[in-house]
Amino acid sequence: MAILASKKNIERLTFILLIIYPFTLNAFFGYFSAVFSFWLSFYSWDILSPMKFVGLSNYYALFQELWRGLNLLFSDPNLLQFRAPFFNGLKNILVYTAIVVPTQTFLALMLALMGNQKIRGSQFFKVAYFLPATTCSVIISLIFMWLFEKDGFINFFIIPFTGGYRINWLNDPTYLLTAISLVAIWGTSGNFSVTFLSGLQTLPKEVYEAAKIDGASSLNRLIHITIPLLKPIIAYVVIMGLIGALQMFDLSYVMAGSSGGVGGAGYTITLDIYNTAFLQLRYGYAAAKSVILFLLIFSLSYYVQNKLRYYRHE
Amino acid sequence: MSVELKNITKAFGSTEVLKDVNIRIEKGEFFVLLGPSGSGKSTLLRIIAGLEEPDRGEILINGQRVNELDPSKRNIAMVFQNYALYPHMNVFNNISFPLKMRGVKKEEIISKVREVANLLNITHLLDKYPYQLSGGEQQRVALARALVRDPEVFLLDEPLSNLDAKLRVKLRFELRKLLHDQLGITTIYVTHDQIEAMTMADRIAVINKGALMQIGTPTELYEKPKNTFIATFIGTPSMNLIMARVEDNAIKVFGRRIIVRDKTRLPEGDIILGIRPQDIKVGEPSIARLKLAGEEKLGSGYILHLNFENSELLLYLERETAAVKGEFIPVLFDGPLYLFDSSTEELVTKIDNYEV
Amino acid sequence: MNRKLFNILKISGIYLVLIFFALVYLMPFIRSLFGSFMTWEQASYFPPQWIPNPMTFTNYLKLVEISLFPTWIINTAIYSGIIVLVNILTASMSGYAFASLNFPKKDLIFNTLLALLMIPPFVTLIPNFIIYVKLGIIDNLFGLAILSTANISSIFLMRQYYFSLGKELFEAARIDGANPLKAFFYIALPLGRPALGAISIYNFLAAWNAFLGPLVFLRSPENYTLPVGLSFAFSRSIWSDYGPIIAGSLIASAPTILLFVVLNKYLIRGIVIRASKG
C-alpha cells in the first residue's frame, strides 16, 4: 500500500499497466523476430531437422544467384526464372517500381489539383477515387483478371489503338508485368490523390491571394507556389509508394501465381521469399533474402528522402 | 490550511525556471503570485498542486510534507486558465466529478452540487454542456467544480485572463468576497496583472525570472519596493527612474541639489532616483523646466511625457494642462523619493522629507 | 467576355477529366455487378454486353452450395472483430499513457516502438511463422489475430489525438481526485471516441483485406478468411467457372465499400493526420 500512495509510483505503475501488452507484443513479434531473422540467415534450417550454422554461405549463394542472373540476362533471359529466381524477382520489382511510383504520384497529384478547384461534387470524386484503396487487393486482382482476358472488357477499349489486335495480357510475358502495374496504379493512385488533396487544403490561402494580387497566372502559381509547398507531401507519397511497391506480393500472387506466371514475368522478391520459405522450407535462405529486401527498401527510401530534402532547400 | 514552500528549485532541461523559492502562506489568506509572463508562476502553482515535481525543496501543507502525494490526494482544488471543463460532461456532471471520484453518496452529491450551483448562480446551467456556455459562465462552472468538495487550498491560474475587461473587474471583486470573506479558504492566485494583484491580495509575492523578489501586502510593495523591478512593476504608470549622484549628503539631479531633512546619511556616488508620476506636479517652485513630448488621455487622468537629456519622465495629472507639445513646463517633486543602488538596483532608502 | 468563355471551357475540361477518371476507378465494380448476374457465357462475350440476359442468380447460389464460402465470411468477421475491438483498447490505453503519464524515458520507449514501422512485414514473417509453429498455434484464426492486436500506427494516432486535447483536462481530473487509471476511464476513453472511430475503420479495413498473414498462418480451407479463400477457390477452380468468383468478390468487398461510402468523411480526415506526420 505504501508503494501505491506515492505519486510517482502510481503513475509509473499505471503507465506500465497500460502499455505492457502492446509493448511486449511488438517487442517480441517485431524486434525479437527481426533479430531472429537476421540470425537465422546464417543458418540452414527446415524447422524439422536440427539447425545448422552455415556462416555466410546463404549470402554467398544469394550473390552467386544474382551473378548468374546478371549473366543470363544478356545471354539467355528465358532461363532467368528457372536458374536465378531471386534475380528475376529483383529485376521485375525494380521495373515495376519504376513504372508504378512515378505514374501513380503524377496521376494522384493531377487529380488532386483538379479536385481542389471550387467545383460541385468534389466529395463524390473523392469517394470514387478512394474506393479502390479500401478494397482488398486479392479481390481487385480477381476482378481484373476477368477484365484482362483476351476477349475481355479492357481489350474492347484498347483495340481501336492496336488496330484490332487483342493483347493476351495475362499469358504473354511481355504484358503480364504491365497488367499488374496497371492494377496497382489503379488501386493506389486514388488513395494518394486524397492525401494530396488534404495537403492542398492546408496550404495558406494568404500566399495565393498575395500571388494573385502580384499578377501571377494560375500556371505560375502552380509551379512557383503549390508544387514547392507540397514538396513534403510529395516526398511522403513517393516514399510510401516506394515501400509499398518494393514489397508487392498480393497482386502477383493472384494474377501470376506463386511461380510468377508465364516465363516468370510476374515474379517478385516477396514471392521468392515466400516460395523459398514455405514451399522449399529453406528458412535460413529465405531469411537471408528478407534481410536483402530490408536493405533494399531501407537504402532506396533513404536515398529518395535525402534527394527530395535536397530539392526542398534549393 | 497553511502552505509552505521551502527552497523550491526547478529546471526544465538546462533552463532554471524556479530558483530557491521560499514562501509561507497562512491559513485563510488570499495570496497572489505576481510576475511577468514566463517568470515561473504557473510552474510554482503546478508544483504545489503536484502536477510537476520540484528538483529540490519541500512542499508542506499544514506542516505535512506532501511532495510524494499524488495530486488526487492533496485535497487542493485548482482552476485552470482555460478552465479545463470536461467537454463530454454536462455542467452537473462536471461539478459532481470530484465528489464521484471520492465515492460520495448519490444524494449527497446532488445536494452538494445544488448548494454550490446556488452559491455561484448557475443552477439554470446544470443541464448544459461546456461548449454551450459563455466564457464567464464557464469560469463559474470551473469555480463550482473546484469548490464543491470543500478543498483546503484553492489554486487559481490567471482565471480571469480569458474574460473581457468589464467582467474581469466585476469578478475580481466577487472572487475575493466569495473565497476570502465568505468561505475563508486559503487561496493562491496567479496573475501577471498588478492591478488584479493589488486589489485582491492580502499578500503578494512578486516573482521575476524564477526568483522571488519580494513578499508583502499591496501597500508594502507600493510604498517600500525592494528594488527597481518591483518599483516599476507595481503602480501605473510606472515609477520614474532617474540617474543621479549623491554629493555631500545631497542628491544632485537636473543640476539642482536636493537636501535631505532626515538625519539619514546617504551613500556618496552614483545612485538611481525613483519618483512616482503621481508625485510630480506642474508649477513653481520648479526643480526643472522640461520639454513636453506628448500627452496620453487615460479617462481618469492624463500622463505627460517629458523629455530630459536622453530619457523620459512621466507625470500623472488629474486635469489637462494648457501646455502644448514642445513647450517647456516647470515641474516640482511632491512626494516620497526612492534611492536605489546604481549597481544592485536594491532600495537604499526612502526619503519623505526633503528640500530643493 | 473572353475570360468568361475561357473559364467555362476550363471548368468543363476539368469535369471531363475528373468524370473520366471516376469512371476508370468505378468501372471494375460496376462491370462486376452487372457481370455477376450473367451466365459465364454472356459475361465473357466479346464485345461486352451490359444487360444480363437471361438474368441469373446462379453465381450467387453456387457460393452457398459449398459451405466453405459462408464459413470464410464468418471467419473474416471474427478475425476483423477481434482486431478492431482489441486495438480500440490498446491504442487508447497506450496512446493515453504515452501522451499524459510520466515515466522515465517514455519518449525513447515510444520512438522505439515507432521505429518498427520501418521494418517490412516480410522480415518478421518467417520468424513469426516459426514461433507460431513451435507454439502450436498455426492454422488458428485467433492465434493469427493476436499478431495484429497492437497496431503501432493506431497508438501513434491516439497519442497525437490526446496531445491535441491539451494536458489540462487530464491534470484537472487528477486534481479532482481521479487516479491515473480513473482519469483514463472517465476522461480519456470517452473523449477519444472520434479518433477511436477512425482507428476502428482503419483496423477493420486492414483486417478484412489482409492476405499475407492469413495465407501463411492458416492452413486448412475451413479456417481461411475471404481473401485467402477466394484466391484458393480460384486457383483450385472449386467452382467450375469464373462467375461465382466475381459474385464472391462483390460480396466480400461489400462491407468495406458500404463502410467507406457511409463513413468516407471520417476516413479522409484520418489521412490528414497520417499525412501531416510524414
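We just call them A, B and C in the order they show up, numbering each chain from 1.
Methods note: a residue touches a chain if its C-beta (ideal position, glycine included) is under 8 Å from a C-beta of that chain, and two chains touch if they have at least 3 such contacts.
Only a predicted model underlies this, so the values are computations on that prediction, with no experimental measurement involved.
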| item | value |
| --- | --- |
| B-C or A-C, whichever has more C-beta pairs in contact | A-C |
| Chain occupying the most central position, where position means C-alpha average | C |
| Inter-centroid spacing, subunit B versus subunit A (mean Cα positions, whole Å) | 61 |
| Distance from the mean Cα position of subunit C to that of subunit B, given in whole angstrom | 56 |
| Distance between the centres, which are taken as Cα means, of subunit C and subunit A, whole angstrom | 17 |
| Shared interface positions of subunit A, touching two or more other chains | 8, 10-11 |
| Multi-partner residues of subunit C (at least 2 other chains) | 179 |
| Subunit B residues counted as touching two or more neighbouring chains | 50, 70-71 |
| Subunit B-touching residues of subunit C, taken from the complex the two chains share | 166, 168-169, 171-179, 182, 186-187, 190-191 |
| Contact set on subunit A toward subunit C in their complex | 8, 10-12, 14-19, 21-23, 25-26, 29-34, 36-37, 40, 47, 111, 114-115, 117, 119, 123-132, 134-140, 142-144, 146-147, 149, 151-153, 155-156, 186, 190, 194-195, 198-199, 202, 232-233, 235-236, 239-240, 243, 247, 249-250, 253-254, 257, 270, 273-274, 277-278, 283, 286-287, 290-291, 293-294, 297-298 |
| Of all residues in subunit C, those that touch subunit A in their complex | 11, 14-15, 17-18, 21-22, 24-26, 28-29, 31-32, 35, 43-48, 90, 93-94, 96-98, 101-103, 106, 109, 112-113, 116, 118-131, 133, 146-147, 149-150, 152, 155, 179-181, 184, 205, 208-209, 211-212, 215-216, 226-228, 230-231, 234-235, 242, 245-246, 249, 252-253, 256-257, 259-261, 264, 267-268, 271-272, 274-276, 278 |
| Subunit C-touching residues of subunit B, taken from the complex the two chains share | 46, 49-51, 70-72, 76-78, 80, 82, 84, 86-88, 97-98, 101-102, 145, 149 |
